[in-house]
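Next come the structures, one after another.
Consider the two complexes below, in which chain A is the common component and chain B and chain C are the respective partners.
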Partner chain A sequence: MPILFVVVIAVLLVLVEAVTQNQFYLGVFTLITMYAVLAMSWDILSGVTGYLNFGLAFPFGVGGYTAAYLWTAYKIAPVEAIALSGLSAVFFGFLIGAPSLRLKGHYFIMVTLLVPIATSEFLDFALVQDGSIFGVNAVVNNTSFVYNASVVIFALTGIALCAVAYSRLGLVLRSIKDDEVSAQALGIKTARYKLIAFSLSNLFSGMIGAVYVFSNGVASPTNFGLLFSALPVFMCALGGIGTIVGGVIGAFILEGAIDFLRISYIQDARLLISATLLVVILLFFPKGIWGYVRGESK
Partner chain B sequence: MSEELLVVDSLTKRFGGLVAVNCVSFKIGDNEIVGLIGPNGAGKTTLFNLITGFLKPDQGKVIFCNKDITGKSPAYISKLGLARTFQIVRPFLNLKVFENVLLAAMFSWKREKNPQDVVEGVLRQLGLEHKADVKATQLTHGELKRLGVAQAIALKPRLLLLDEPFGGLSLKEIEIVSEAIKWLQKSGTSILIVEHRVRELMKLVGRVIALDQGYVIASGKPEEVVNEKRVIEAFLGRGIDFASGRRS
Partner chain C sequence: MTYVSFLSFFVLGLTLGIVYVLLSEGFALLYGVAGVLNGSYGALYMVVGYSTFLFFFYFKLGILASIFASLLLVAFLSYLIQKYIADERNTLDALFLTLAFAFVLQYLVSFLQCSSAFRSSCQYPAFVPVFINGSTTFLGVSIFNQYLVADGITIAILLALWVVLSKTKIGKAIRAVSQDKLAASLVGINPMRVILLTSVISAVMAGVSSVFLTSYQTLDPTIGWNIITLAFAIVVIGGLGSLKGQILASFILAYARVYVLLFYNPLLADFVSLALLIVVLLVRPQGIFGKEVV
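Now for the complex of A and B:
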């Protein structure tokens, strides 16, 4: 059921491209797709496994920088660069995660919150010292490539993460969220499973971070910005935390609202409207939209 | 005499100035059900935590199946086939009953091929089969307790430590749990039970260890231990010699 949902959305996204070549619409759907990938990546570690990560911008930014660097310095083709960026995000995530996943509750949140900020500050500093590597130009001036790449990664992420979350592995992850001490008492090596969830989260965030850089044409410290950490969290809350597909629904509603409200004369108030929307929906559907739908169908 | 399954050798744990467990030594053999009794604060739960790796002892050794497991991690110890339940039940409240037991069966040290089958058998044994698809939050206290025991049984351990499995249960439920424990023993597991319901416990165990203020004060057959003076004193307090005005 969740995998089917992801496939249907992916097919619809492909249809969008078949119907319109309008650059604005394709751009909006690219952004929505990217945020959907980020939201699902956030959900596997934070929603399913229960380790709240407020630093998703870190793998996102690392992936972006890796892609830009590989493309400019070694002329590695975008597709390969995207794949390698995912692995790079997993590697750097491991350096952060190996020590920080031992922390619990708000201590873990604080670390994840600070890491992208620190990285961004460092890159800002390095940009002044040496403009050669940091702030990389990576122009792949092709809307269609960027759109297709996001849709492919979206499908990949959705299918992989749904398969994980709704399997026995997902059950183990949910048990960690529920009570990590009890999980350990059953002989579950929780550290290993947390790292699996963390790495999956980083892999897909890193890949989509690379696509973002190719669509923007530049990797800069803003790739580590707070928005890439925060919006996926809101999207999951909106759609239903711990469901994977909830993040997709949230991405469509929230990012869709933010972008399509640009069209009309209310564009100055679009962030306010989006925020109000978020509050209202959370007020009436505290378990998120997907949680509400599932609860009704039972 | 067969090889000892568990050897606890002069185990000691201090919390600041308080010695919670003081030089405790005992052994548990294969296929034995042993009771551990003692008043509140005697150190029973601390002892459990020391054996299962949730606390690190200050002194002493724990040997399980001829392996030194002193200070090892709970997950490592559990993988060797030593499982426990908690005094305060800790199933996964947001997971279904079936999922709770399935997790235990999946991580049994025996590596079951079909954990699903094990789960169904265990749930039936504890009378929880009709609750399989219910979330654990919706269970009554007695059902939660039984779920905890079900998880422990699904682990198919070599040695099971049960912390107050009867606490807050009705007599009928105690019957069910007792039957399940006997059933587990028949399949080759040794069991160490901490329990305040001494009368129900005595029907079940072959041997009793009595603990008070961190010391082992008596050990042996149930009827001998419960009649020992020091045990009665530990539970009921000492008599007062009114003639001298002193505590005897």
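Now for the complex of A and C:
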């Protein structure tokens, strides 16, 4: 069921491109797809195991910088660069994750929250020091490349993460959320499984971070910005935490609201309206929309 | 390090550290009593800065009246947040909701400050005026008078809070609720009312620190995020529920920041304190004085 949902959404996204070549709509759906990937990546670690990661911007930014560096220094083609960026995000994530995943609760939130902020502060400083910025020459006329790349990564992420979350491995991960000590007592090496989930999360966020850089044409400290950490969390909360597909629903609602409200006189208020919408939905659907739908059908 | 620069390091760190204590204590108090992290704490801080600006420059109230009006406004906001958004929810839902509400406040402020509906206000950067002019030279170090007043008022507020918490009936009720809500309600305390009262106190503490700290910078709708990170970090580093640890953490962070500002490179000030925080968390996750087993 969840995998089917992801496949249907991916097919619909492909159809959008077949129907319209309107740059605005393609741009909006690219952003929605990117955030959907981030939200699913957040969910596989935080939603499923309960370790709340408030720093998804870190793998996202690392992936972006890696892609920009590979593209400018070694002229590596975008597709390979995107794949390598995912691996680089996994590597740097490991450096953070290995020591921090033994922390619990607020302590884990705090570390993950601080890491991207510190990184962006440092990059800001480096930027002022040597005056250089990692620029990538945007691929000329890149809308359709970026769109296709994000849809492919979306499909990959969705299928892989749903397969993981609804398998035996997923059950093991859920046992960490319910009671980590009991899981350990049953002989489950929870540290290893947490790292696996963390790495999966970083892999896909890093890849989509690279795509974001190719669409923007520049990698800058803002790639480590707060919104890339915060929005995926809210999207999962909107759609339903721990369900993987909930994040996709949330991405469509939240990012859709943010971008499609760019019309005439309400466009200045679009962020305000979207944030209010978020609060209202969270107030009335505490289990998320997917959770509500599943609950009703039972 | 010369004698004078060491003194200025000492004095500046002290003045900043005292305000940090106030800022983090406001956050920690509500967390201790309600058991919920208030994700809007930084946004309340930001709102106080903007509303002081608004009352002072548009409604032409005096500066003291503007500050009091802002504190009232933010206390009311905090009351509403606690009553209608954070109440009776599990910790996670309340955290998400209050964080989302912080975004509502942030975008509301940027909408009011600069949009086609309010074009006239767009041209001015908002700021809180420095309301106590001049500076005092103390042991060869020149300090803004406002900082001295800030420290005096902060210490007064913290002492008053300490007296209220340890001596009065209301204070005992607050401590009782923070220890055990159910037991408190069994002895005739209404936990709901105590929590609401605490949220108001907490907002006022955020507001007072905002009035003093924002005077020396331009306001921006996003400043709240640094503040909530800072307050949360101080509370976590000091050890949850340990006032001693929190005071120590405030001063460590303030001195680290002032040290980098004065002697190293101002641009690295934020980075160094953040890196320090990360290292402390990884090495000693339970905080400096925390007893919680991790």
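What we mean here is this: the second predicted complex is superposed on the first by the 286 of 298 C-alpha atoms of A that agree within 3 Å, B and C clash if a C-alpha of one lies under 4 Å from a C-alpha of the other, contacts with A are read in each partner's own complex, and residues count from 1 in each chain.
What we mean here is this: a contact is a pair of C-beta atoms (placed from the backbone, for glycine too) under 8 Å apart; a residue touches a chain by one contact, two chains touch by 3 or more.
Keep in mind it's a predicted model, so treat the numbers as computed, not measured.
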More chain A residues in contact [chain B versus chain C]: C
Touched partner set for A:187, first chain B, second chain C, both or neither: first
Touching partner for A:104 - first (chain B), second (chain C), both, neither: second
Partner chain(s) touched by A:226 [first = chain B, second = chain C, both, neither]: second
Touching partner for A:234 - first (chain B), second (chain C), both, neither: second
Touched partner set for A:175, first chain B, second chain C, both or neither: first
Residues on chain A engaged by chain B in the complex (per definition of touch): 168, 171-172, 174-175, 177-179, 181-190
Of chain A, residues touching chain C in the complex: 52, 99-100, 102-104, 106-107, 110-111, 113-115, 117-118, 121-122, 124-125, 128, 226, 230, 233-234, 237, 265, 268-269, 271-272, 274-276, 278-279, 282-283, 286
Residue ranges of chain B touching chain A (in the complex, touch as defined): 52, 54, 73-75, 78-79, 83-84, 86, 90-95, 99, 102-104, 106-109, 151, 155
In the complex with chain A, residue positions of chain C that touch it: 37, 85, 89, 92-93, 96-97, 99-101, 103-104, 106-108, 110-111, 115-117, 222, 225, 229, 232-233, 236, 240, 265, 267-268, 270-271, 274-275, 277-278, 281-282, 285, 294
